[in-house]
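Contents: one structure, followed by commentary.
Chain nomenclature is as follows: A, B and C, assigned in order of appearance, with residue numbering initiated at 1 for each chain independently.
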Amino acid sequence: MYSIEANQLTKQFGTFTAVDHICFEVREGEIFGFLGANGAGKTTAIKMMSGLLLPTSGTATIAGYDILTQSKLIKRNIGYMSQKFSLYGDLTVFENMQLFGTIYKIPRKELKERIMNSLRELEMDAQANTLVDSIPLGWKQKLAFATAILHRPKIVFLDEPTSGVDPIVRREFWKLIYQAASKGVTILVTTHYMDEAEYCNRISIMSEGQIKLIGTPEELKKQMGVDSINDVFVKFVKR
Amino acid sequence: MSAINIRGVNKTYDGKVVALKDIHLEVEEGEVFGLVGPDGAGKSTLFNILTTLLLPDAGDIRIFQMDVIQDYKAVRQIIGYLPGTFSLYPDLSVQENLDFFAVMYKSSIEENMNIIEPIWKQISPFKDRKAGKLSGGMKQKLALCCALIHRPRILFLDEPTTGVDPVSRKEFWDILKSIRQHGITVVVSTPYMDEATRCDRIALIQNGEIIGVNPPQTIIQNFKGHLYTFKSDDIFSLLQVMEQCPLRCNYYPYGEHCHVAFYEDMETAMPQFERFLEEHQQPHSKITAIQPSVEDCFIEIVKEPINN
Amino acid sequence: MNALSMILKKEFIHIIRDTITLSLVLAMPIALVLLFGFTISTDIRNAKISVLDQSKDTQSKYLIDRLSASGYFQVISYPNNEMEIDYDFKNKDIKLALIIPPNFEGSLSKEHSATLQVINDVSDLNVASILNNYVRAVVQRFTSDYNDEIKQGDGNFDITVKMLYNPESNSVYMFVPGIITLIMVLVTALLSSITLAREKETGTMRMLLITPVKKLYIIIGKVIPYMIISFISTIAILVISVTVFKMPINGSLLMLLFLCIIFMLTAASFGMLISSISRTQVDAMMITMMGLFLPTVLLSGFLFPLNSMPMVFQVLANIFPAKWFILAIKDVMIKGSGFFDIWFYLLILFIMAVVFIIFSISRLDKRN
């Protein structure tokens, strides 16, 4: 059973092809690294897959729903988090989670329970009534992730979730990703930290709108004859 | 001669949030100096103070002997600044932006072409395009041209590579190297630990405090623990098991590997550790000792080992 | 190229490339004038009035008859003194009172002139203006008929009837100076404050500040372009007012334009002041709306007469440039005043501009 199936997915803006006939599958519960240079088309592809943007041609099914006709159902079944926008700084931790939980129509009682549980897991129960603006970036990102999976989505899209976060918190963040994946949540993540690419079950490397490489980190390193994903990336782009 | 001399700088926002705590720092003329630390560590605040845009609460800062607080006008003549966010006019074309800043600095493009040429060559094909329509990397290069147009003696770069892919990052560091050949002192901040090795010296910064200043090699030499690496098929379950490890150590995933820094006598500790993994049924590759990276050093400085 | 002209060039590029804002700014004043102009010229019929007839002679009766016959007025009471007029205003809902002086007929025949006094209900300035116009028209016809009669008789001399108005309603065209003020405040203060705040928001201000360029140039570079745009709008308003609504400009046109330029300078400087205390474009917009636009509408004497307001507001009004500008522009457009009549207002506006600019410059590079 695949969570994500992209079939010849294409997006053109005028004469510019941002995403060029990409095909790939992601299994349920898999952590999939969606890598590529800046402007390679990753963000456009994620927008199409999360039902925010219609493709020019091709299609994709997300959690079994068609992006062309069932974008509402898709939105209900995915979570999304990006480095740029995640939470409202002038609301408290609890209020933020309550807001997003309510948007996804989690019943009131159930919602409160889930929020308290996830805060306990993050060891942030004490901060429930703290303004998000006043907590450190790394914690904010962990919190944003917890919020994105509060409605128990089948798939979570993470767009550079750890950009600028310190090495220790970055690792704690990945621990959360692993935890979610072990519960069957499919994760699609973009990152510019190549060591993080190694944590993924499989990765793809995009360039000029196309997926040029796809496989497990191990396979790709073997294929390119190098020791690390960083070298894979450098060697590949130079080619 | 020292290019920058910082003594006892403090900065607090709104009387509450402490951004910088008693910073002392000296940057030599002509070196590439790195300020390495996560977002929110105080890097941008320090940059704003050094570029005369913000006053510190206390402390003394000299840039080429000039007081940043009193002689800020003179300081502004000799510094170039590349802010962390794109800060050029998006509705002006590439050429118009460059012309504009050249006039603001009473300088001319021709005069300083030799400095900006390697960068300008890459963006000049787009010189009639509006700056807002450039790709991220191109924006960065244009901003760098604008910051260099008056041949500054010091160039400040605030996280120029954050959110930039590894290849463009490498390119950018190559450009910095060429700038340095013109005798320009470069102060650059970055959250990427792996970039630290491209600097002559780095200052590690965390929570508004400088936790170490040294050439990267020295920082690595000062690593106190015994660092080992090995692979595991299931890093996540390995990390859970490691919570019960009886040894004094720090452990964390590092790419596809697991790094463990021990603070023990290794002759007795290593057999003990191998036994521990075996008891908990953790298959793993050969455990080998390795040289730490700057990232390992940062973690060592910031994170207490377990069983300490 | 020197720094100031480069900054100006850059500002004009910003303005020209932002076509939506530019067309809005140029079209809005015209739309506003047309809107106000057509709403204000609504016809009023059978307005209730009182006449205090102090002469009670043939000519005064005749004048009252003509007022009633015009269809505009309905004379509902004949008070005996000014106290009773007051009573009528308060209790009988009259819109206007006319006072005919004693010995009206005698004055006309002997001195060939007489003075009528008109008292308005100033709660609605538009209605007051329109009714005054009607009275003026009726009185004019009355006078010319009277003159014709005399000419047929024994001589050829003209009589004049002067009318006294209460000071608040002395202009039929009150709305034009008001709109000019609003437009100038909107275009110059709002837009200039937003563009400076935008530079703060996007970080370009920091890039500018660390260059050695003079801070005065940065401010002037923002002020001048928006003064020019606003000047174009003002010209458009005047042309429409004169051609479509037949508004008279009694003073010198040059004087009027000079006055407008000074006010634009003050408004743009106020914009700079606002952006110097705001961090984002939204801040700048809110502060301009609340701190400048509303006071301009409410406290300038444009819609609501100042001297019927509580003392606090009358004093407060003095710190807003619009009050002084409205005083000056009314004098120029309606009374035909020249430079020596309004120099004091001009001076106040100019001093305000200088103070605002100095303050903005000091705030621009605050460094903490």
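We adopt the following convention: a residue touches a chain if its C-beta (ideal position, glycine included) is under 8 Å from a C-beta of that chain, and two chains touch if they have at least 3 such contacts.
These numbers come from a predicted model, not from an experiment.
**Q** Between B-C and A-B, which chain pair is linked by more C-beta pairs in contact?
**A** Most C-beta pairs in contact, of the two: A-B.
**Q** Compare the CA centroid of chain A with every other chain's and tell me the farthest one.
**A** C
**Q** How many angstrom lie between the CA centroids of chain B and chain C, rounded to a whole number?
**A** 60
**Q** What whole-number Å value describes the gap between the mean CA coordinates of chain A and chain B?
**A** About 26 Å separates the centre of chain A from that of chain B.
**Q** Indicate the residues of chain A shared as contacts by at least two other chains.
**A** Within chain A, no residue contacts more than one other chain.
**Q** Where does chain B touch two or more other chains at once, residue-wise?
**A** Expected reply: no residues.
**Q** Provide the residue numbers of chain B that touch chain A in the complex, in ascending order.
**A** Residue list for chain B touching chain A: 17, 37-41, 135-137, 159, 162-170, 191-193, 206, 235-236, 239, 252-257, 295, 298-299, 302-303.
**Q** Quick one: which bits of chain A touch chain B in the complex? Just the residue numbers, please.
**A** Residue positions touching the partner: 36-40, 83, 134, 136-138, 160, 163-169, 171, 174-175, 178-179, 182, 192-195, 198-199, 217-218, 228-230, 233-234, 237-238.
**Q** Give every residue of chain B touching chain C within the complex, in rising order.
**A** 51-55, 72-73, 76-77, 79, 81, 83, 85-92, 96, 99-101, 103-106, 146, 150
**Q** Can you tell me which positions in chain C touch chain B when the two form their complex?
**A** Touching chain B: residues 1-3, 6, 10, 13-14, 17-18, 202-204, 206-213, 367-368 of chain C.
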